[in-house]
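Below are structures written as structure tokens.
Next come two complexes built around chain A: one with chain B, the other with chain C.
Entry: the complex of A and B
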């Protein structure tokens, strides 16, 4: 059912996160002629051979699968840029490098459907995976150092990463908040809440998907 | 989220004019999924989206009859599917929330205002059925003082059998512009948190509730 992802696992399923990322614009080079497309989500086209144009990711993938275009990989996906980002990520323990918000989804879709359009594909792919690993690891270690606050700032974390840690962080922050404000508990106990009561406050490690 | 038609940093009116319906629907869907309570029903948006969907469905039928290039037809179909998914999921998430907090939504005036007409009909019918079911199976067999669906017993002063949405939960949000929010409730130390454009925050829902309704903050 479209509305029913289990909120205890995560609010948005990975497919839904990908769905949201598919509206990002990417550049393609069509190899055929086509009139302008007047979609509900916007107007795209015209498509003229060899003239690059910007379309949403889902449209680009659809065209590519039918052999109607080639991809122009986005600027941030070059080997040099990614190597730089990887080194910067490894150096700093607490800050994240600026990456496009949906970089995981974009990279995944491009690898799946447009291998031949990316120069040094294997290098790029292994770099992206390394970056993902380093960032996830950083997220996990940083989560262990929370103090109870009402607002936590996380900069430059991407959509997929947020989605993975979201349930854990929400529960941890709620537990902190609850124990920082003991007078609110009297009211809270008489209402049933949809979260299960946790016996201990130890932050649990989020499950890593391997 | 990078929107193809948002003018960067300009007046709200201009942004509103150039944001497509699909963007607005996606934003409503995301917000609805991420908040613990039900939000204001976007009646005008849903109606417009339904019109556009019907229009495209007719167009696709025409195209198929006129034997237009099947590639083009399938692309239009894909776009249609995506928009339909957004609309359906939006409505389903709202129904889920209504069902979850059935009695609360009918009791609290503020929540009731946020439902559409059809949702109100659904909620009242559902509540009646549920109450009847409880009464017939369990409540009538309990001792006199404990027979209410809404109260634990006649001694209770408030309706404490009614689950309420958990407003103190945390959500992830990003602000479109610079926004400064009061961290604590009134009367306590007025600490503020300042959010620059594009920063991500895990923050308590109550704090950002007003800003979400006015459109300054997006939930992720």
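Entry: the complex of A and C
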């Protein structure tokens, strides 16, 4: 991806992940009248006071900053639901509960900009933080024991979590790949050595047959 | 327990003799502030761990700090000093703001009023200064004390100020006018010139009692109105009391005496509970706001916190804190008789102690009670019985008697009423205000909620606070909240203002109508009307007028400025009324309820500016239901909603009828009740309430739900109910639009925009019909399909229908359809001939249009002979038809359009067939048509684009 901080290890900065999460739709209750907004990603509105509408998170935050709307906290962001999720996360060591793909980012943006619109804000906040910690810990321990194959399958992992483990997983898989197919490595080695030589403008030597 | 000693920590160094030190808590108990009259610095201590964190030191004074005060919300700290200055700081940051005032002699005491807008300062100078904290201006100087003032305390509601001087004289000031309401001369000990001892008065947190140290080592309690001595707390103090502090809930009081001990009292039992001995005299105390703790400071600048001083077996001092909202200063200045009554502390236990008091006191109590009575009848009765038992002064007895007599009279009246209605058992519906929720004590309720905004009210301690909010916060005017001393129960809001009214409560309180304009070029343009012997039942407002319907069945209409414009007598008790622009709809009862429990009601729609009655008719209701809402839709049609959940719109169809456009029972979500707010032509705006609830709550702010209108259709064998519903709604809408076009054309207003709208409607209606035809064909109901065919308005769509059935391999239906089309064309041709004479208005419009568009049309016609033939057959008269043709090129008919292209061959055949038949009609049409040259030209043009698109 274009905006990637470090393309070599496929790592996004948290800001980048958050930026991508800003395209998620959230429900807001506007307090102004506005015609429909036509964006490349779609049409949003029309905005009528007191009538909820769905808009991308970035737009919602922009409107909220101007005092033009209030957020409706997403359904999963209730104390009841989060408590349940937290319990379930703690119970099972291998599976992850279904949460929105970018739940960390959404929660963070809502906590930053819409603290007055979230009922039981402090409770919700601590629950989300707990859930995040539990899941991260679980993910790390799970990855510690993954079987050497060509792929890792874990469902319901969120964007931020994937981002954190991506460098490790990719390198680990590469390593497995290398060990599984030594011949391929030889090929790669020879190829790279050839390139070096070309760069050095050295006279070409025939390869010795083994 | 009694010998337990408290460890004190030094906050201020006091060298030599005793100094007066102060201690204060902020409202959240996060910080406390100390000062000493021998130390120019002020210390702000952390409330949680005063021992570990060093205090913040504020050093702005040149001499010892004698007085401290914190505003109620703890945002400002004021300090007064021997250096004659009063300084203001931000709190808790301690940032120095300003020297708010200067005296000529040392300051001894400071006090903020409840809202923090006023600071009272006093000292050795003559006079108490009342300072506006916003700009530092002196609002008033209260002069009357004969010695240095050492104690000040604002009454919790902010209207009274108690002050005491060193000679022990207490004055109670009324802040509105600065006069002394009572004087208690020499009731407290004379402290002489010892500045380390102060006399202080303290109001109880509920504002009913003023506590002042007494001459007999006691605390004396005085009544807040009369200054009458109520009782005294006397006990183990061996010397005079020098400081006292009420617990936050007013149940306890802590007193400190010159005998170096602090006593804790139970005010209700008038007994001391606990005591604490100290090495030095405690000169200041403060209860920690949210816990059972008292902080004390002695004359050596040492402070301590006496934790859990109230035994756990007793009520915690933080339970049941009376909540009295301070008034804003502007409101104070508009002083009214009723304000006296607004304070109502419900401390039952205190009541007991007040029974033995004088006439004045019980007079107040009973007056307050009377006000409550209308709300809580049982409670009042109980109280009356209770009071009858005890020996009560004659004055209040008399009052009560007269009141009871009045009540009995009322009872007799309603009894007679009952006997009439007893036969039917059902009651006539009582009047209501659309968009209001029933009043609930202690809860905010809607007085009015519509698509524009809402008015909410909450009753609190006898008077109410009213807030006005617009949904669109950007565009609507900002309206400040209002303290409502009348107890308004009815309100109505629109863009220009809001109107309030209250019912009459007892013989003293008249029904009042009040209007507040939002934008006015003149200041103070709100007005009130009082009604004697009459009660406002319903209010409404519109553009430039305010209406009130009263218990005498009078409809009173006022102008926006308060001019009484019209008074009409209605012919029945009012049920509801609503305004919209110039229109006022009033619903009244016609007769008593039918035995089948059906309300008999009638409505009228008035045009206020024209002084006409536009509509009149009966109100349609579901049997057994009540009217719960009436209003105008966004387009201005009168609508009603009943308790069975049926929304009706009044149309002029069938000579004026109600059409049920929505029914809750047809909606899938059964567990929700819908509280209607407004509607437009296609949808209903409502607040969905979870099942047992019928009315929405004010907080959290309710959101509107949009529901599509759906007629309560019977379940048809066609299985296309949604299409049928859509069709009916569209027909209704089209009818209304065309009616409006006609109305406007009659007055000579430009109708282009509305005509465009009507045309769009026709197009969408045809689309809907085509889809219905298709579903009719698939279910083999061909008669219905041909009926639908007849309903199509555009020629283009009729042809599309033919194509459709051809495609569906129904040749006989195609045949039928083409004959219908033919008939139609013929009809239209005939109409074109006769119509212009009938409707000259239309013709004018047509001609204007055709003039504009003729030239290009004539060119096209010359190219196409076929068109010429056909054009004679399509002499379109109505302007709408001109438009149809004009836009038909761009008309999309969905699937049918694409099908049409595929079956071009079939279509050509079709056209040929038509052409074969056409000449028959042609002969007579053509010569007649020639006379109408203009029309013909226009018709020609109109058919052209269609042909182009098909061939």
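We take it that the second predicted complex is superposed on the first by the 183 of 210 C-alpha atoms of A that agree within 3 Å, B and C clash if a C-alpha of one lies under 4 Å from a C-alpha of the other, contacts with A are read in each partner's own complex, and residues count from 1 in each chain.
As a working rule, a residue touches a chain if its C-beta (ideal position, glycine included) is under 8 Å from a C-beta of that chain, and two chains touch if they have at least 3 such contacts.
If you're wondering where the values come from, they're calculated on a predicted model, not measured in any experiment.
Legend: residue contacts after superposition of the two complexes on their common chain; A:68 is shown touching both chain B and chain C. Of the two partner chains placed by superposition, only chain B is touched by A:152; chain C is not.
Looking at the shared chain after the overlay, A:173 reaches chain B, while chain C stays out of its contact range.
In the superposed model, A:52 makes contact with chain C only, not with chain B. In the superposition on chain A, no contact is made by A:89 with either chain B or chain C. Measured by the number of chain A residues touched, the leading partner among chain B and chain C is B.
Applying the stated contact rule after C-alpha superposition, one finds that A:31 touches chain C and leaves chain B untouched. Note: residues 68 of chain A belong to the chain B contact set and to the chain C contact set alike, using the contact criterion stated above. Of all the residues in chain B, the ones that touch chain A in their complex are 1-2, 4-5, 20-23, 26, 30, 33-34, 49, 52-53, 56, 69, 71-72, 74-76, 78-80, 82-83, 85, 88-89, 91-93, 95-96, 100, 160, 163-164, 166, 168-172, 183-184, 193, 199-204, 207, 220. Partner chain B is touched in their complex by these residues of chain A: 1-4, 11-12, 19-20, 22-25, 34-35, 37, 39-42, 54, 56, 58-59, 62-63, 66, 68, 101, 150-157, 159, 162, 166, 169-170, 173-174, 177-178, 184, 190-195.
By the touch criterion stated above, chain C contacts chain A in their complex at residues 470-475, 685, 700-704, 706. Residue ranges of chain A in contact with chain C, taken from their complex: 29, 31-33, 48-52, 67-68, 70, 72, 119.
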